[in-house]
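Each chain gets a letter, A, B, C and D, in the order it is written, and its residues are counted from 1.
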């Protein structure tokens, strides 16, 4: 029964999209129902997988793999066999769960909008792409799913976005299109080098990882690894919206509709980090170590720079975008450390930032729906008309600024526990981010919910019943991870330590 | 006794003249004629090689025959197109033929 | 059959075995010509296209049979290439693959044309049809002859017929102008190619590539400049035919002027023929010294990819847009050959041929489909700009979705043939460690997103400019074309092995 | 008994959750009952534990696995030592009373229940901090304490000042917290553990897994980093600015923050982790100096403030300065002792002040008070007791503890610190009695009818006052020579002495008392008998000093100009760069490509001969290049 659960998870949303294709266009409630089912079932299956997941072992689990494409003469007289192969391990399981939760809640968070049918079609295609990225064990397959996210995103922003939707949609498209170039070059180059070691051409992650692990230095030179890593890293910087390639993110968040902002900030943005862990650390650890200082510096720059810029933003959504960038900077710092704590902290931070972004963007969306604005200056005293939303906003802000008892803190301290080992001074600079985060988040939060309530904000409705679900679920997860981090730590621990032992760190 | 180089030079010169004409003349007919000139320049080349080449062979001459035929066909089609152009535009000036640009 | 030069006695059976498809098409052409003389106008108009398609299908079948012949020859037979008058004209799977492309392509074009005839009564259907057949024959000759003379004849047969086809609509100024432009540039190109050929002949003393190759290797050091010159002149001449930058400028105008089906023919069949010619000439004639000359191909390929895509960015006329996109595609198509210069083993050649053929097939499907949709939409809107596509999603969902698939395939998005094709070509660049070239391939595609998605934007994001929200009537012939294109694009995108397996089993050059 | 220590924080947590579930509409009575009972239960348990510890000494920590990081595991748990047993008792005791007091004070407030939720959370966090067996857990509760203070100070969220004060409290303390954060992370990196025991051993042995710094410097670095954390929480100069502003919160909160929970945390941390500091003399010196400066600095500001709560607040800052100074001169016992006594009389003072404020409709300016003794006798008495205790008049609690600190300062040879302490003591006595006289004696200076309606509030508010004043009187005796320094022996848990201990010097005690009395006397002359005119002094020769003190030495203004403004400006500049440079370059590329595209488009001029020419030029370039390459240019 576990046999092809992963396939189901990946393709149920797509199936949903197909079904929607035949729903009459006029109808409006059906699409949402279909979308809800098409995202709820994967969530359940993901839960089942999690229940049966053996966190004790390092390798892939629930794997399924079939040969898909045979490309003759790809490598000497051998043909490249591209497989349709899926699997989960300790690293991808958290991402799988994150995707499952956020995408489902995204549907719940979607308000009634025009052309609802098309919206959900694109949304579901996007979801399939996201699942595919985290579950595929074949680099080609991964790339395919990555590209698959582009088209729906273009339409989701382009049709349902804000006033600058067209421009921003194109920006998003080109930016990420270019990023995927780097990723593809790196992937195929890796595959060919691995083939030189094993004599068999494949794009299977595991095979390539092993090949690189046992490759003699003269076959795969360190300069090659470094070169490829640089290409890959550049792509990741774009995917992950790191300075100086971050400008697409604030625009996207500003323009995209609420549920899409949730998915982008919660999941889509994290693909880059996943690649960094899976490919960068997993396949090219020594290259990562070689560039550790560079990575750390970029990480710190992002932490501080983004935090400072966030401090002066007028629009909640831009502020959140920058705060997300600042948080992901911590991930880079943790990865640069290349030790257990650092990497684990990186994963923690990625997941936590995903959950928090999801929650925050949902709340801001809810506030926008009521007040009609996300300009911080235009809000104030919302605690009076909508105490519940204000309360959740407070919790989310605190979680995001790394308050103990919530996921943000454990991620931060783990990352820094690793980072201070390797880069004491840089890390010390990085801790500025902790202060600044408090500054801008509290400021924005207070400006919104504290103080006297302006006349036109009086008597606005508080949270609806359906809105409790996303808020409660996300907060519950955030606090769960914060209070009992083992629930996440035990998953990733083994995979990470297998990476760490490989570099002898 | 002329040398290979001289024949080739002649060919080259003719080719260039033809090219020049094709790219500068206003009247389409002249343009077509210039193109003929280019083809004939090639014929000279072929014949030269067929006679004085490193390994003389008859192929060159055969080739020339084909070239001439084709050139004729090309010219015929050219004139046909020219006529339909003239019908539509009442001009045979190349520079006027710019209905389609950017 | 002995002797390098001179005429050799040919048994008819040999001819039939080697050039059955060509013969069929020529017969077909003349049959239609003759029938046209004796039949009344209407029935001729009605019958000719059907006949043409029929003959093309027959030729298609014959080609498929020829695959069998080749494999028998390589497996059981003498093992040497099936050929006429020593290597003048050969039968190998390389030729066969291209012949399949040509016949299929032309068949689809004729299918599209049926509607075009209805719209333009002044067009002489019979002429049009047999010219198509002759052009296809020319293309076939280019694909499978090994002698400069025959290659040139084939090239001209194709070109001259297409000049006429472009200018077919007599009282249509643009049509005539396009024809004229194509003719002038095309003839100059032929002259240049011919000039180059003359030098090749001069050095090798023969017009046959198979035998000439050895001589080229011997003479290379001694006559490097002259041979390089010959190579370049031929490259330029052929480059014009496949519209490589900077020899591409004729194509947007001609594409715009020509009737839609003919444009499709130029974009697909004519281009494919050009590449067949290029591969034949350079892989045989210059195979020995390719390592010294490939760099010029690399330069042209890079230039073509960049300029083609960039030029298309600001294009609002959909036909010109497709013209530029097909220029860019030419750049992609040149890559497999270009990177061969750094190829280490014979396997690279097989890889390159596989890549080119796969991409051409994909390209055939998506381009045909795109032009079919284009025909319907532009006619209904009355103009050829992007505006014509505004709000198509509302007016004709099927057309919109199919167009989306074709465009995405051209842009190289996953699950379409175009993506697999690009990836396939990309493999070659990395295999030969020309990473930057591979990078450029996809980077330019990323830039291309801008205009490809511009089309999608027009169809899905904008509201219709055309007030008539009535359903568009799509003629049967076009529906079939679109359907074929759609099925082909998606099938190859999702199950590439359908084609990969087949290409994998081929004996390209009879080996 | 000790193994049940975890119950103590559990009670308030349960209370919190209960109230949370009950929601904001819950009955005031029920809310108060739940909270007070929980705190009381906690108090009882801690008393039992106290006796247990007194009997059997400290116990090993009880820990459970929390998170696995590779080979290492992080654990959570609890432990009981004499020190934190004492703290538990004090905290629970004061909390109980404050919770009780609040019933009267917050009566009728719309968010009454929410207030109690916060208070319970606050108490829970503090207790959790106190019983933590490792630094990580300390940090976690440390932050939670900060959060609660943020919530409670900003309880009246609709008041902009309250919101601002709350933010300030959180951010300023967080600056300190980051110091602590770095400190403990470095400790982990160096020692591989957060557990006190393991850390202390490592510091004993001075063996660290760190190569970029010598062990001694490392110890100093870590000690100072951790102390920065303490500075933030315990409002030491220069991070003291948040505490007075925190007066915006409801008065019971102030009482809690100042007496038991928030500010005590800093001193407690330093005391708990004393071995780390002891290992570095330099760090101790720094601590001592900071403490001394804070003590005198705050005392000087206290002289001129007019807000009754602010004066008391500055007295807190100054008293904390004393404690820190004591630790600086490693008078460990004295410091902890003062921590305890101070808790009692400071809570007392605040609640008394609160009762006054409550009685005259939430006016806090002593310039509009006076003659309240007749109206609020009980409050007056209790405030007086608190004042005497604070000024250190025997036999009140403050006397004994403060005396010990001065003694420690003197004996340790830091005469300057000793002198500072004396001056501070004088000021303290002066300003607290200034408040007393201006509030309770003379004529009422506010509106008449307010005075008429002023009356002693109900028992819920008076009982705490009484109990606290009893403690304020007797608590001091615990460590007096009369009881043979029972407290010290208890704190040392029968083991060897921590820090230094000296025998009481009676002359010093006498001196301190004299100084205090002098302060009281002066304020009597100025504010009771009016024989010296304060205004004359303020506007006369001492004007500059008066202004300086009145404006808190302009520290806030300084920070605003030197830190806040620049940072915001940097933010704006970076934002500008982000918009116009970083994104600008991106757009430049985009535009550039498009313009190039237009260029290519318009080069397509429809002239077939131009096309031919372009083709030719391209051809010539290619051929030329090739000929050059092959050197075929004969």
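Methods note: contacts are C-beta pairs under 8 Å (C-beta built on N, C-alpha and C of every residue); 3 or more make two chains touch, one makes a residue touch a chain.
Just so it is clear, the structure is predicted and the values come from calculations on it, not from any experiment.
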Of B-C and B-D, pair with higher C-beta contact tally: B-C
Innermost chain, taking as reference the mean of every protein Cα atom displayed: A
Separation of mean Cα positions, chain B and chain A [Å, integer]: 64
Inter-centroid spacing, chain D versus chain B (mean Cα positions, whole Å): 96
Whole-Å separation of chain centres (CA-atom averages), chain B against chain C: 26
Chain A and chain C: spacing of chain centres that average the CA atoms, whole Å: 43
Chain B: positions in contact with at least two other chains: 19, 22, 31, 94, 97, 99-101
Touching two or more other chains - residue numbers and ranges from chain D: 601, 604, 606, 608-609, 612
Where chain A touches two or more other chains, by residue: 174
Set of all touching chain pairs, with the criterion as stated earlier: A-C, A-D, B-C, B-D, C-D
Contacting residues of chain A [partner chain C, same complex]: 68-77, 79-80, 118, 140, 143-145, 147-148, 150-151, 154-155, 158-159, 166, 170, 173-174, 177-178, 180-182, 184-185, 188-189, 192, 231
Residue ranges of chain B touching chain D (in the complex, touch as defined): 19, 22-24, 31, 94-95, 97-102
Interfacial residue positions of chain C with respect to chain B in the complex: 5-6, 148-149, 152-153, 156, 160, 163-164, 167, 170-174, 176-181, 183-184, 187-188, 190-191, 194-195, 197-199, 201-208, 215, 219, 252-253, 256-257
Touching residues (chain side chain D, partner chain A) in the complex: 24, 65-72, 136, 139-141, 143-144, 147, 154, 157-158, 160, 163, 166-167, 170-171, 174-175, 177-178, 181-182, 185-186, 188-189, 212, 567-568, 570-572, 574-575, 578, 582-583, 586, 590
Chain D to chain B touching residues, read off their complex: 601-602, 604-609, 612-613, 616
